[in-house]
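Here is the structure we will look at, set down as structure tokens.
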Amino acid sequence: MRRTAIALLCLAASGLASPSCRAAPPTGLTLYAASSLTQALDEVTAAFRAQSGTAVRTSFAASSTLARQIEAGADADLFVSADQVWMDYLASRGRIVVATRQNVLGNRLALIVPADRMVTIDMRAGFDLAGLLGSGRLAIGDPAHVPAGRYARQALTTLGVWSVAQPKLVPAESVRSALALVERGEVPAGIVYESDALLSSHVRLAGLFPETSHDPIVYPAAIVSGHDRPVVRQLLAFLASPAAGQVFARYHFLVR
Amino acid sequence: MIEVCVRRRLGAFLLDADFAAPSQGITGLFGRSGAGKTTLINLMAGILAPDAGRIAIDDLVFCDADARVTLAPEARRIGFVFQDSRLFPHLSVEANLRFGLRRRRQAPCPITFDAVVDVLGVDHLLPRRPQTLSGGERQRIALGRALLAQPRLLLLDEPLASLDAPRKAEILSYIERLRDQFRLPMIYVSHSLDELIRLADHLLVVSDGRIAAAGPLADVISRLDLQPLLGRFEAGAVVDCVVQAHDPHYRLTTLRFDGGQLRVPLVDRPEGERVRVRLRARDIALALSEPRDVSISNRLVGTISDFAVRDGVFVDVTVAVGTTTVRALISRESKDRLALEIGQRVWALVKTVALDNRSLGLLRPPRATDRDAGRE
Amino acid sequence: MPTPVELDALWLSLKVATIATLVSLPLAMLAAWLLARTSFAGRTALDAVVHAPLVLPPVVVGYLLLMALGARGPVGRWLDSAMGIRLAFTTGGAVLAAAVMSFPLMVRAIRLSLEAVDGGLEWAARTLGATRLDAFVSVTLPLMLPGIVSGAIVAFASSLGEFGATITFASNIEGETRTLPLAIYTAIQTPDGDLIALRLVGLSLALAIGALALAEVADRRVRRMLGRP
């Protein structure tokens, strides 16, 4: 009995010492990016791999979620956020290599409806949001933390309809969740990025919010502290390259 | 008349019973374990449904497989006393007793709560919970509960099986009391012939799912062809006697029946009370003349009415003593030696010792007072 | 001292868990009875459906609820047009999500207690004049009580912690569906929301301990009532 126990202990110890458990950098890169960049970045990272031979693992979620994870020590090499706020958040906590921070993309804010609703809105101050929603709700990213939700709140406030919207909100955990709700017809309208609106065939773009109604939608990117390696810089450079830019443009992002 | 003609299969076992029993008095249902006794009364109570056949009591049909008529158990008013009492653990003794009574609100209830409590002597148990009672006490409550549901027939499924000898005697006397007080027809299932001899008027013998014998108790008991079922040396006669006198000096009791008298060990019953005595054939010797210098006190005069040879060794002699039939089992050699013939006058001799508690159906003499019998 | 927002989440959690438990109880008893005491053609299927929320990821259950009871779902559409009832984004939806997720736990506890009751007692009651229903209610049900109580409490506690199905089906709407787990999740996402998150966690712990204490008291009470040790 004792011999069996010792044998098992040795086996467990050797397992712990095996290479897969050591905190060695994996071959390949890890990219954390805002959920609205999902499809575009999948294509871009594939192109990167074809060109450089380095594979890129991606994790898409709300920028807030990702920033929290990186703060807690998640093993990301590069972070692309949907707003400056979350990048500032990480910068103030020393979690990014500030020198590498740069704005990569832009976007516009869109009001969407399910595809079978034939409706177009003239997006100016005091537009009839109540009429648009009826007894339903408005799906946006959670204004408390999701960038798209924050932009949405700004835009609605600027256009003077925030008081109409607030009691009828469905605060989703990410802009993609908000998109899904509109796609499924669970809500009569939602606010997402233009890139999201044009990506989905199940929603219709009812109107674009004036760029002046909210902070400019900018996607900053930066290398995570402790991960500043040549190959990561290579990826960052690729994201900002014209080749990547063409891909992003196809997905309706604003390319700098 | 209780008419039962049913067939029911349970796995490999097939019950195929056809009998009629009187709807008065106690009918005993005797058989070995697995013979089908419990299946039969479950069919009568409605706990099981027959595959085919009919059950009726006094022309009230309880189930008829062909006519597709079935009365649910709750509509049959057939009381059931289970071997394991099955008292409701979440109710007090009193609530248990009143359970059936409560559900007969509109109907007349001739069997009253107070009468039952009195006869069974359970007044002091009423506030208790079943879990705190002894086995004997539980069966008493089970009896009372079944009675208070105002049944038209009471089925008792080996009610004494889980009790020890003293408790058995106690409960048996309660059952007798209930029978006398409430005049309720009963069907009493048991694998113990002693219990049945004491209680039953009518006897059904079940074997392998079939009715092997049915008839008045004395008749069935005396049938030696039933020996394999009844037990090898159990056959004999059952005599209904009356307590005539007690002899405290010799601690003996004299019982009288129409064929004569019997001296038995002291029986704790008042004079004039009925007692049944079983005279086992093997305990009886025969004499051609009344012996004087012999220790046997019980000497009955009778006439030989029949012989039957058993196993080539023994002869079963039927002797008519008054209106009672008594059987003696003697060796064939003795029969030839005495040159016994039919019609011959003989003396049937029974030792007092042979008439022990078991023969009297008394497993243990009941205690002096009823209250004492209630305590452990 | 908890803030109004925190109290809202607490109150909502209690409301949702209580209603979910009460609504599930009769259904769970029916399901337990069907599974324990009957044998009919679809019994195995019923068993599988009842236990599905136990083995499926909560988000999947929420998604299935959304497909069926959402605005475009077949049942959801009928509910809306026939009775004006909408479940998604409402407290009702949160109740449904919690109830569905905790249902198998309740059924299991009740079924076990039902199976532990001697069926012979019901037959005894029938011979005493009780109908089938009467026998069940007067004899079996009281004896099942400890199991029912324990099943209800397990379901209540499980409902308090329900997250995946709730956020998928009912979303995260403050005051309507933002129960304690969802409030904690939101607080974690929010910048500088750590303090709020910790306070909510403390509140959840207090609630859990309270529920356990209540369970203990209820259990003892019921046992005493049944005359058991």
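Order of writing sets the labels: A, B and C. Residues in every chain begin at 1.
Throughout what follows, a residue touches a chain if its C-beta (ideal position, glycine included) is under 8 Å from a C-beta of that chain, and two chains touch if they have at least 3 such contacts.
Just so you know, these numbers come straight off a predicted model, no measurement behind them.
Asks: Through how few touching steps can subunit A be joined to subunit B?
Replies: Minimum number of steps from subunit A to subunit B: 2.
Asks: Which chain maximises the distance between its CA centroid and that of subunit A?
Replies: B
Asks: Taking the mean of each chain's Cα atoms, which chain ends up nearest the overall Cα mean?
Replies: Chain nearest the centroid of all protein C-alpha atoms: C.
Asks: Using the stated contact rule, I'd like to know whether A-C or B-C comes out ahead in C-beta pair count.
Replies: Taking the two pairs in turn, the one with more contacts turns out to be B-C.
Asks: Go ahead and note the Å separation of the Cα centroids belonging to subunit A and subunit B.
Replies: 89
Asks: For subunit A and subunit C, what's the span in angstrom between their mean Cα positions?
Replies: 35
Asks: How far is the middle of subunit B from the middle of subunit C, if each middle is the mean of its Cα atoms, in Å?
Replies: 56
Asks: Which residues of subunit C touch subunit A in the complex?
Replies: For this pair, the touching residues of subunit C are 66, 70-72, 88-89, 167, 171-174, 186, 188-191, 193.
Asks: Looking at the complex, which residues from subunit B come into contact with subunit C?
Replies: Residue list for subunit B touching subunit C: 45-47, 72-74, 76-80, 82, 84, 86, 88-90, 99-100, 103-104, 129, 131, 145-146, 149.
Asks: Which stretch or stretches of subunit C touch subunit B in the complex?
Replies: Touch residues, subunit C against subunit B: 118, 120-121, 123-132, 134-135, 138-139, 142-143, 225-228.
Asks: What residues on subunit A touch subunit C, complex-wise?
Replies: It is residues 62, 64-65, 68, 85-86, 89, 136-137, 142, 144-146, 169-173, 181, 184-187 of subunit A that touch subunit C.
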